[in-house]
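Next come two complexes built around chain A: one with chain B, the other with chain C.
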Partner chain A sequence: MDLQKLKTKPRKAARTAPAADGLKVVGKSVLRVDGWEKIKGAAQYTDDLQFGPGLLYAALVESPHAHARIKSLDTSAAEKLGGVVKVVTGRNFTQKFGLYMNDRYVFATDIVRFVGEQVAAVVATDPKIALRGAALVKVEYEELPAVMDPVKALEKDSPLVHPDLGTYSHVPWFFPKPGTNIAHWRKIRKGDLEKGFKEADLVLEDTYYVPRYAHCAIETHSAIGLYDASGRLTMWTSSQSPFTQRHVFAETLKSFGLSHKDVRVISTYIGGGFGGKAGVTMEIIAAALAIAVPGRPIKLLWNRAQEFYNTYQRLGVTAKIKMGVTKAGKITALDFKLHWDAGAYVEYGANVVNAAGLSASGPYRVDNISVDSMCTYTNLPPCGAYRGFGYSEFLFGLESHITRMATQLGLDPVEFRKKNAIKEGDILPYGAHMNPNGIREAIEKVEKEIKWGVKEKSKDPRKAIGKALVCFWKSPAMPPNASSSAFLKFNEDGSVNILVSGMEIGQGLLTVMAQVAGEVLALPVTKIRVETPDTDRNPYEWQTVGSHVTWGCGNAVKRAALEARERIFDLVQRVHCLDKSTLYLEDECVRCRTKPDFSLPFRDFVINGIQADDHTFKGGPIMGSGVFMPEFASAIGDPETGQGGHPNVHYTTGSAGIILEVDRETGKMKIKKVALAVDCGKAINPDLVKGQVVGGLLQGFATVLYEDMRYNEKGRLLNPNFSDYKIPTVMDMPEVVVPIIIEVPQPDGPFGARGVGEHTMIPCAPLIANAVADALGVRIKSMPVTKEKVALAAKAARK
Partner chain B sequence: MKNHDIKFTLNGEQVALSVEPSDVLLDVLRGRLGIKSPKVGCDRGDCGTCTVLLNGKTIRSCLALAVEADGTEIVTLEGANTTRKWTQKLQKKFHEKNAFQCGFCAPGVILSATELLEKNPKASKHDIKEAIAGNLCRCTGYEPIVEAIEETVKGK
Partner chain C sequence: MPITAEFEYVKPKDMEEVLHVFSLYKEKARALAGGTDLVVHLKEGLAKPEVVVDLKAVPELAGFALRDNTLRLGALATFTDLIEAPVIKAKFPLLWEAALTVASTGVRNRATVAGNICSAVPSADSAPALAVYDAVVLTRSLGGARRVPVADWFTGPKRTALRPDEIVEAVELRLPEKKHAGCYMKLSRYEGEDLAQGGIGVLVFADHTYRVAACALGPKPGRCPLTEAALNGKKLGDKTLQAAKEALLREISPITDIRSSKEYRLHMAQIMLGRALESASARLLGKGPKYGAENIC
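After this line comes the complex of A and B, so read on.
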């Protein structure tokens, strides 16, 4: 080998140094790094993984009752069926689990609490045999009185869903009331409510109702578990939360000798999440079955009906609002009571209630405020995270109420919102300060886009046109110590692999992480590979929820890239005797501001080092790691007032406007135009932000116009399929969608970025309700705002 | 019940296998033939993510029995990727326009669009919407999908 040839020769610089703030990769709509494999049908989802002929399949025995005692359970006939390997019940697993509140059972042991709850599982060599076996399990029940309504659940003689609530462990920021159905009660008390109402010229009180909704990711949940002879549990799951799952598996099943090091979660691409694949739901069953049948992989795949009734649903809420406003349009007082129907288990849902309670003022400054956000157990399926995390639900009532009050006072609802919109530094309902935000700019841009103030007439005399503008905000709901981390490794050719555990759930996280690292390291994203995680190899990430990973995981990746860059600069300084402060990276090379001829390509040294004049090599593989935790956050405040902590890291704000055509006779609505402006701090990939706007809006409009979960009086979900629970098709697209990006930087965000994923769905319900009111003068106070409701209300108003 | 011996062409290759009368085509493609681009979404023909081409026409493979495939020609995205001109053009535009997010519905949508453009290379926006109305997508809001197909038609 010719050592001289190996010696790294700095090459001539191609260009001069870039401007200090000239971003080259961030802020560009680069093509998605996960594009080709997805559109060629090659991307692997959990159910696509192959485990060979040894794979076993599980089918469940489910409760037909909303509330009942299990009197007897006979598995003998199922066990005798050829091909059945094992029948597993609550006798084998008595453990409870939960993310924030330990109230959910792996299998129902004594009591079933909702229709569809798992009572037993049959493991067999074939999916059809597993189903036949499940049908042979005989369960005798004694029915118990059930409660289906969150307000009735508070009555003194209501059946108790969890009589042992007082013994359940939970996070310190929950306040359950043992002996009742209240799993958590988030109280906010700020200012002087009575004084606020006295100052008001108009006080309006009303109740708004929001039903439950389903995520309807096209991929259902699936999990494969394998417990091997080394005592290791490997789980392949369709998950937004591989590390949180690892933690819940290890904690729940520790009596089998598992520790965190023994549990490995591998997450592939997931076919839509929307919060539904956050935390742990059915995966715990697959983990338990793997323990029960060691040595063979076992698959549990949810069918569409199970996806509806046994994962999480969005919480329903009955929202009572009393608001005081002056003639000049200042909000003087807000008394907001939210009664949440959180279902039979609230291990995740109670945190939705918490998050909504903290932020129920909406993006407005309200000095005198009282919020009671009450998480109530019912005998309906468990509720949990859904894109928007409680904000869509309270905003329907709040933004409807604001428009009504402004209108009653003869004020312009848009001017009213501008007047009350929150500003940087304003005191939030729990006492912390508001972050920099572009909400006013958002309102102004949307106002212009929908030509607010210009009354429009439909060409069709049977139809009326209504307009509306609303505001929204949302903060990531996360524990104060939720953290992100990243590893970054250079390869021989100057390319990079990044390891994170933030999940690609369709939003484009892998692409955005590549852009963040690419910006720091002067690399195009085509030279960077980021993939979905394996908890054994990839570093920790709390969960991919709350629109926080661009910010949290992005910060970790940026720090990893900066660390790698620092190592490069240290090495070049040491070998080439160049002052490190004069070095910079450009076009995959190290360059020097004071020595324009110096240009050292990454591929020449990032693995094998730089050869010094004495022919020795210095350096070695260039790597970086980065960790991010919001060290300013705290969830601990006064339980009676909510004051004192800093539970939310920041808010993303924005505004949306609509032009809606409504048929006076049929109530049929057509969205002629919708504009949504969101302050994402910095759009790292503007096209991906626009994708979130367009997609989120349609998902939001679906909850107002089409979707509705219907239960019978026995607590059975009547429409657990896409024929009866209508999600939008391409025929339901709004005519024109205008995404508007506002960029008021988030001081602690990567390149100023903050999250945007959930926000685009939040404003939809009050947009429709307010536009219908503008068009026809009728007010719908319960979701969904279907054409039937609109037509009937319009008919009643004409009389 | 007696098994049936069936033969069909799958992505240009001859396949012969013995199936139960109740075996669903989607399950046979995924479970026995390793063809994973058609997905399981609803198992009742609502969502379109299991779409495959049977004799050039899209079908819901979750609603077809495997025995019905006997003597037919089946093409999934794995095959259309390399053999169908319109599929390749569509894929390029789907990538450029971000006409997918999670990607789970993409194989079905692309096959529905392929069928449309093979029949009608000058499809209008209305034709496009009609053609993909049976493919549910929960991520994109459909707008970029329609744009990607429109641009494929225009040859932009």
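After this line comes the complex of A and C, so read on.
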């Protein structure tokens, strides 16, 4: 294919013919603004950055134990090794850090709490020397009893992972229980549970188990730190959260005299995040090392094993569900207990527990509900954000349970879901009202796509075909005051640079921001440049997580564009005496409804102003800035019931359906077709939304079919590699993927848009479990639903 | 990830030099052909050789050739070499089919058949094919050459009959004289590259004789004589197949590990045997799935 031809020839969808809604740039599948840079290999990732011969490298000394006391630490042999610059330990840095809870150590001081935890770092002139030095550091440990299971961690005689929990600072919406391993207990109590169960014709109680998962971004974490003589700390990081990182670095290291203005975070493109590069994990080590060895850049690059065991993992959960349903198919009561294995440090993971607890009803109206979402410390690696943020985990049990109950009552599981699906204005588990949504339309479209109700037979007598349809929802999990901002600057030729700190993590944020501004300013995206941020130069963004940046950052960019447009109109009104209300922008010009001949190209005035009749110039560089904060949100509710706040800004809903072929003997599963309908409010770029659907489904199906983190009894991860932790290849794609875009506008979203990034992987686990049950009549209640489990369950059922 | 261990690296131009190094260093020397195992082991500190002997410049070890119905695979022949050779597909289709299941394209471009049997993991995909074709491993040291039948080659998990001062020169396979077809069934966790959790290779001959071999279903890969005895001389039918499956269970000894449980391996060994025999029999009649298709369970 001639790439240059492709570049110059606009695709059909990219033409700017006005759509029925009058939009010319938004709603079009324009080519990605970062596409050519990435195709040509010009895009830089953190590991590509060059720092010259002065660059130092760090290697870690890691705990071999899940729980132990450090008895002694001898760095002398390492320090004597030629090329070693410094050995840094918890003696140099005793600080704790954390995003929502201050519980994680820069270096273990006296206790190690998981296998792989950093105990010391060796800084050297060469990566090999650093590794050899690390091998020379002698650490003596006294092993302590460890706890690996979130249910056992609640027992009275369980070892305590954090005996000092009571002294830790945390956000006001967490409720830790000092003296136990409970780091946070999110409770929801609404309606009358007992009455609800009495009204039910069927009450079903069961437990579902979900293990931990790893993000497996192809680019591992990396960070370079430089603390220079001016007292400035510059960090180059592979991150979804440059500003949050800056804040955590500044807060954690303030005893060294740093203030926020002194800390600069520069984020390049990142090779996959999926939540794993949100917040701060290994980057704090690079920051500390920079402080310890001032004047020279120091690089810390995770290897694949470290990427598995010392970043964040997805939390495991043991989910106990008791649900009551009437014969008519109404959910009358839900008692949901979620025991989360959050690992040794929960500074981020506890908010996953919180988010899941608030929304554990799923996208259904449940008047009588009790949720106990418990964040439990264990001596396993720390857990945190992972695409879906707790929703995939609770939905596995919930959507499995709903299908089982509908089937037991002789009800159609799809009709059951339609009946209970949440509507605009329904009361949410925490008392606020549900936003406009298209879940019903999503169910109907998916139902049609998979020919629900039509039983299919495989051509191969050894195989059976099963179908399933499930629903999903998710809200951005963010502090109520998480905000976004944008700067927008015109250039001499009428082109525009936009500065935001939302991160391009592959999802297409830069393109979408260009489309939002382009729509307001009548500019094609080819005239707009948006790049990854530098916190010194780009304005604030909380984090690129929670599927919120199209919405939040998009609102900020739209406001910046509107402000710039307002300045243009003000100027033209002032100089040309045309009424502002008659002016509009079209084809990179200012035009006037009442004066068809008037057309002023941007390039004629956006920097150098407009020359008035007296030969003076009016105006000057056109710029805009925009800020967005969801001013209606509040995280504060009653700790015992969860009622009273407005913690979630809105939900994106949808539905997915599958046609699955299962080999009765081997258990091997083939996805013949999957359809996913998601209500994204407005698809700013439909191709990018479809990309999210395809990618999310592939990632989600991997977690249910074969991915699985396995630990031994000593807390050591047995598969920190791709030999035994399998992530999908192109050969594992479903045969047919049908993305369906639903557009019920989000009133406060840019052009009606709401987020879509995480949602597409959430329904995968119950889809498979329910389709297997439909095909073979066996129910798998623990993830992953491997072919081994399916084959052995089918074999047992045949006996 | 850098290799932190220090070792000498030599790249001899002829066999004599290679054999001299091995006679001097013995266990402390490691041969480098594809390096797909060795380099990983060096990085992880699992291999700590004093000298790494790169064989890639030794002309006698390169390539493969079929002469007088004997296929000689040089020690440097990669899986991709085999996959891309029409003669292998035509004459040794089971070896071709097994080669296709090894790891991924990138690994197959480097990894050698000789390396696969020298690493000698129980899951070696090439092993069942070599076993049913009665391969012979040709080794050489300064003391002379040996011909080791593949049945005697594997002595345990990651252990072989190779002596410390020897290297593998080539692997020889005799083309079976009778009309036959084959099938390699592999148990894998997904469609991408994977180590076999179990593998069954079969050759079915027109005169109702059979050869069956397994990998990843015991400490070492190899032939399954009890299974062959249950099959030989009989047409494939439900009764014969059942007897063969029962025989197979008596001669395999799979374990439970992170990749699979013993229970599933035992279950799948029988299923794979049945399906492999079915496919190979169909192929013998010019029917059934193409080689390389429908053989991943």
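In this text, the second predicted complex is superposed on the first by the 778 of 799 C-alpha atoms of A that agree within 3 Å, B and C clash if a C-alpha of one lies under 4 Å from a C-alpha of the other, contacts with A are read in each partner's own complex, and residues count from 1 in each chain.
Rule of thumb we're sticking to: a residue touches a chain if its C-beta (ideal position, glycine included) is under 8 Å from a C-beta of that chain, and two chains touch if they have at least 3 such contacts.
Keep in mind the model is a prediction, meaning the values are calculated, not measured.
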item	value
Touched partner set for A:Pro159, first chain B, second chain C, both or neither	neither
First, second, both or neither for A:Pro686, with chain B first and chain C second	neither
Touching partner for A:Gln50 - first (chain B), second (chain C), both, neither	first
Touched partner set for A:Asn719, first chain B, second chain C, both or neither	second
First (chain B), second (chain C), both or neither touched by A:Pro601	neither
Greater chain A contact set [chain C / chain B]	B
Which of chain B and chain C A:Leu131 touches, first, second, both or neither	second
Touched partner set for A:Leu31, first chain B, second chain C, both or neither	first
Touching partner for A:Thr786 - first (chain B), second (chain C), both, neither	second
Touched partner set for A:Thr729, first chain B, second chain C, both or neither	both
Set of chain A residues, in rising order, touched by both chain B and chain C	303-304, 723, 728-729, 731
Interface residues, chain C side, partner chain A - complex	1-4, 189-195, 258-261, 263-264, 267-268, 271, 297
Complex contacts: residues of chain B adjacent to chain A	30, 34, 36-37, 39-44, 46-47, 49, 76-78, 81, 91, 94-96, 98-107, 110, 129, 132-146
Residues of chain A that touch chain C when the two form their complex	127-128, 131-132, 135, 303-304, 665-666, 668, 702, 705-706, 710, 718-719, 723-724, 726, 728-729, 731-732, 786-788, 791-792, 795
Interfacial residue positions of chain A with respect to chain B in the complex	31-32, 34-45, 47-48, 50, 215-220, 269-274, 301, 303-304, 505-508, 687-688, 691, 694-699, 721-723, 727-731, 733, 737
